[in-house]
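Below you'll find the structures, each written out as structure tokens.
Below, subunit A partners subunit B and then partners subunit C, in two separate complexes.
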Partner chain A sequence: MNSTVIQLTRHSLLGRRRVFALLGLPAVLLALAILIRSLLGVDSDLAVDLMGAFALGTLMPLLGLIAGTGAIGPEIDDGSILYILSKPLRRSTIVLSKLLVAIATVFMLGVVPVFATGVILGSEVHPIAISYAVGALIAGVAYCALFLLLAIVTRNAVVIGLMYALVWESVVGQIVPGAQALSIQQWSLAIAERVAGEQAIYLGIESTVELRTAIILLVAVIVGCTWLATRRLRTLRLSEEG
Partner chain B sequence: MSTDPVAPAHRGAIHDIGYRHYDGPRLGRRHAATSLYLESLRGAYGLGRSMKSKVAPLMLLVATCIPALIIGLVVAITGGAVLPLRQTEYLNEVQVLISIFLAVIAPSIMSRDLRFRVVSLYFSRPLHKVDYVLAKYAAAATALFIYMAAPLIVLFASALLADISFESTYPDFLRAVAEAAVLALVLAGIGLLIAALTPRRGLGVAAIITVLLLLAGAQLILVEITRELGNAVAAVYVSLLSPYSLVEGIATSVLGAASTGSATPDGVLQVGVYVAAALALIAGLFGLLLLRYRRVSVS
Partner chain C sequence: MSELVLDQVSRWFRNVVAVNDVSMRIGPGVTGLLGPNGAGKSTLINMMGGFLAPSTGHVTLDGVSVWGSVDAYRRIGIVPERETMYDSMTGWQFVLANAKLHGLPDPTGAAKRAMATVDMASAQDRDINTYSKGMRQRIKLATAIVHDPAVLLLDEPFNGMDPRQRAHLMEVLLQQGEEGRTVLFSSHILEEVEQIASSIEVMVAGRHAASGDFREIRLLMTQRPHEYVVRSSDDRQLATAVIGEASTTGVTLVDGADGATALHVRVVDLSAFSRALPRIAARDGIRLLEVTPADESLESVFSYLVAR
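This part shows the complex of A and B:
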């Protein structure tokens, strides 16, 4: 980790007015949660819709995409990544520093609001808030690692990332059940299911993937993507086309 | 003999060194606007640009047609009398793909001009600001319309090939195409406005998709809330929030498409509000775009 790289990344990701635009995402989630709580009371069936489909299914992939690609993509786009690459820093230090900022962003804007939403919606703090927050955290870390790699590998990182998170994980996953075995969302749900324990069914947490498979694949994705990102940063090609 | 050492011919003379005036036809403002429209439309699909720029739009175009092809094949093999999916439902099913496509093309139409600072060059030509915005808006809407019409044509053609009667298929086809046209106009405005606010392509893509998904997601949750409360009227007005449900509401009430379950406006007042909302949205977005280009920084 390098504090200067962290500072620069933090500024490019959250600097100036951008942080207010990003705050809009958790704000929508919390506003809906408060609305459900005030109109329908605690433990509503809608809590599961909001936490599962909206928070874990839409919000976390989007945040992971924005934070993961945003941590390095703009710098590669305008070529200013050269100024960091030409400093005597290990490539792994650069990747890990950027990953750290991305994960911190997802944590602040995603995991904490998801936990707060669970607290607002549930009658007691424990099951729904904690299990969904754990799921969101794990999904967030995996998305960040994957999308950071994508941003280094291809110029179309955002589009490919969107196709994966929104088309592969949800639409294709519904039609072709096998596709769900390769879904970060399902892996993190498997862990959330374990955290929730016996109450998982009532909370609507249900994963199609075995816990052990999920953990192995998650670790493989997080470690593998970070390692590969480091490798690819060694031989980065910059193109002029915008 | 003159006392002046310099010959008169050498004093402040203007020499004709043979530059020629352009006295051919001037194509003018209208031609400039149509050219801008055509080039923006081609650029949206990456035509006339590098291979890399063609990948994303064409990949998405294929992706949206694949389900239509599969449905067509299934009908052709099983020989059903009707399509398993009504044509008016198709756009709703591929909503996410439409959003991604918009997120891809809007920045490529709008942001690159800003990023390479060429907007001021456009405005140094006969082209007016209204023409610029109009050409870009029309290009984005046309690109979107083509994107949505392509799978509908595939679906229509496969229905005809599977020997489903023309009379029972074409009304829904026309309805779906009309819905696509309205949706293209609404979505183009949203995408272009967001893209015009950021010169960075990646940011623009993420911002557009985020706004569309959040609106659609919030609309679904809000409709569920109103359903739990048993308030059908509120469900209709809450559905104004997302551009997709707004246009779907118009399609079901005005065009007579089959309802897909979400709230359908009913009665003169509600339908009027929907149509007015769509018109106001298109006009408002166009106005905001004009406002955005009132001042353009040169450097």
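This part shows the complex of A and C:
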């Protein structure tokens, strides 16, 4: 890790209008939670829907997409990454520093609000808050690693990422059972299911993937994407020529 | 004192050859990399800066390959052509960040020195997005010299600068060269290169067209065949006289404007021709109406050098 790379990444990730998009999503989640709680009291069905479909199904992949691609994509697009690349720094240091910024962003704007939403909906520190927050954290790390790599590999990272997050995980994943085995959302649900233990069934946490498979695939994605990102950064082409 | 050596370097992108078998040695002092747009100058600088692998050949700095070695950046400073930096930071924060990225023992001192060199200390606390083009260029230069590199590479540094900014940057580059650094900058404008470069490398269409001292290149450029358009009171008579001069190799009678004719004269010895033409006109009683060079564009100068 390099504190200056972290500082520069923070500037380019949060210094632009992107910060509003990042803030908007958790704000919507919290607003909905407060609305449900104040109008309906403790309603477990709605709470489960909000946590499962919105928090884990939409908020986390979108945040991961914005933070993961935003931690390096804009600098590659506008060429300012050159100021970091033209330094005697190991490429793995650069990737890990940027990944850390993305994960910290997802933690502050995703995991913390998900936990808070769980607390609001469940009236106290309920298993729903803890298990969904753990699931959100795991998913967030994996999304960041995946989308950071995507931003290095292609200039169309946001579009491809959106297709993955919204089309593959949401639509295809619900229709085609096999597709669920290749879904970060399902893997993190498997972890959340374990954390919730016996209560999982009441919290609507149910993964189609076995815990062991989920852990192996999560580690493979996080480590694999980070390793590949380092390799690709070494041969990154800055100019458009040719 | 460092020397950048390109040994039979080629680079192609799919089926487009951007740089074609270029060999050159760039030593201390200011070197101008001259060539029209699309000549492969940026590709060459990207390879010298270790951002692009040569498809064939080698780029070495003091015998060590530049590609794939991040340690080379301890001795190379790069000023990219693109304007973008981390705009929400101040100039000082950005230059200091660059000093820290280099892992310098005293980043604050190094950043202060760099700021003083580019004369930006007075505006260093403003956000970069408030800077003018010239100020941005100076901040870019400050980030490139903050670690006191032996080699400084600049891609089109004078683009879009006003004359005062240009003069200031030239002064700084000359000073860097005099201090023993190897300074290489690219440009498509002959006059810029002429003013500060002690040696010149000319690139045209991916090829290394000419190399050496500025005077030699200037001579090559003025000694090339020139084409002149001449209009006179009697073009046919003038044509017969002009072709008799050793300084010309061809005359064509063409239709000019308003039904009038004009002569295209191909000249191989410019100074002899400039003496002969008025002499012939005076002797034969021909009035010269127009004498203009037909092809003074830089492109034609370059293409001559390539064809040579």
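In this text, the second predicted complex is superposed on the first by the 228 of 242 C-alpha atoms of A that agree within 3 Å, B and C clash if a C-alpha of one lies under 4 Å from a C-alpha of the other, contacts with A are read in each partner's own complex, and residues count from 1 in each chain.
Keep this in mind: contacts are C-beta pairs under 8 Å (C-beta built on N, C-alpha and C of every residue); 3 or more make two chains touch, one makes a residue touch a chain.
A quick note: this is a predicted structure, and the numbers were derived from the prediction, not measured.
Engineer: Look at where subunit B and subunit C land on subunit A after superposing the complexes, then choose clash or fit.
Structural biologist: Subunit B/subunit C on subunit A - fit side by side.
Engineer: Mind working out whether A:T4 is in touch with subunit B, subunit C, both or neither, as first, second, both or neither?
Structural biologist: second
Engineer: Applying the document's definition of touch, where does A:S38 land relative to subunit B and subunit C: first, second, both, or neither?
Structural biologist: The answer is neither, since A:S38 touches no partner chain.
Engineer: Quick one: is A:N156 in contact with subunit B, with subunit C, with both, or with neither? Answer first, second, both or neither.
Structural biologist: So A:N156 only meets subunit B here.
Engineer: Would you check which partner chain A:T58 touches, where first means subunit B only, second means subunit C only, and both and neither mean what they say?
Structural biologist: Only subunit B is touched by A:T58; subunit C is not.
Engineer: Take the Cα centre of subunit A as the vertex and report the angle out to the centres of subunit B and subunit C, nearest 10 degrees.
Structural biologist: For this superposed arrangement the angle is about 70 degrees.
Engineer: Does the superposition put A:L46 against subunit B (first), subunit C (second), both, or neither?
Structural biologist: A:L46 sits against subunit B, while subunit C stays out of touch.
Engineer: If you stack the two complexes on chain A, which partner ends up touching A:R234: first (subunit B), second (subunit C), both, or neither?
Structural biologist: Second partner only.
Engineer: So in the superposed three-chain picture, is A:S80 touching just subunit B, just subunit C, both, or none of them (first/second/both/neither)?
Structural biologist: Only subunit C is touched by A:S80; subunit B is not.
Engineer: Quick check: superposed on A, how many Å separate the nearest Cα atoms of subunit B and subunit C?
Structural biologist: Once the two complexes are overlaid, subunit B and subunit C approach no closer than 7 Å between C-alpha atoms.
Engineer: Need the overlap of the two footprints on subunit A, from subunit B and from subunit C, as residue ranges.
Structural biologist: After superposing on chain A, subunit A residues 241-242 contact both subunit B and subunit C.
Engineer: Which stretch or stretches of subunit A touch subunit C in the complex?
Structural biologist: 2-5, 7-8, 11-12, 15-16, 78-80, 82-91, 234-239, 241-242
Engineer: Please output the residues of subunit C touching subunit A within their complex, sorted ascending.
Structural biologist: Within the complex, subunit C touches subunit A at residues 12-14, 16, 18, 42-43, 46, 49, 51-53, 68, 70-71, 73-74, 76, 78, 80, 82, 84-89, 97-98, 100-103, 143.
Engineer: Contact residues on subunit A for subunit B in the complex?
Structural biologist: Touching subunit B from subunit A are residues 21, 24-25, 28, 32, 35-36, 39-40, 44-46, 49-50, 53-54, 58, 62, 65-66, 69-70, 73-74, 77, 155-159, 162-163, 166-167, 170-171, 241-242.
Engineer: Considering only the defined contacts, which subunit B positions touch subunit A in the complex?
Structural biologist: By the definition above, subunit B touches subunit A via 50, 52-53, 55-56, 59-60, 63, 96-97, 100, 103-104, 112, 115-116, 200-203, 205-207, 209-210, 213-214, 217-218, 220-222, 224-225, 228-229.
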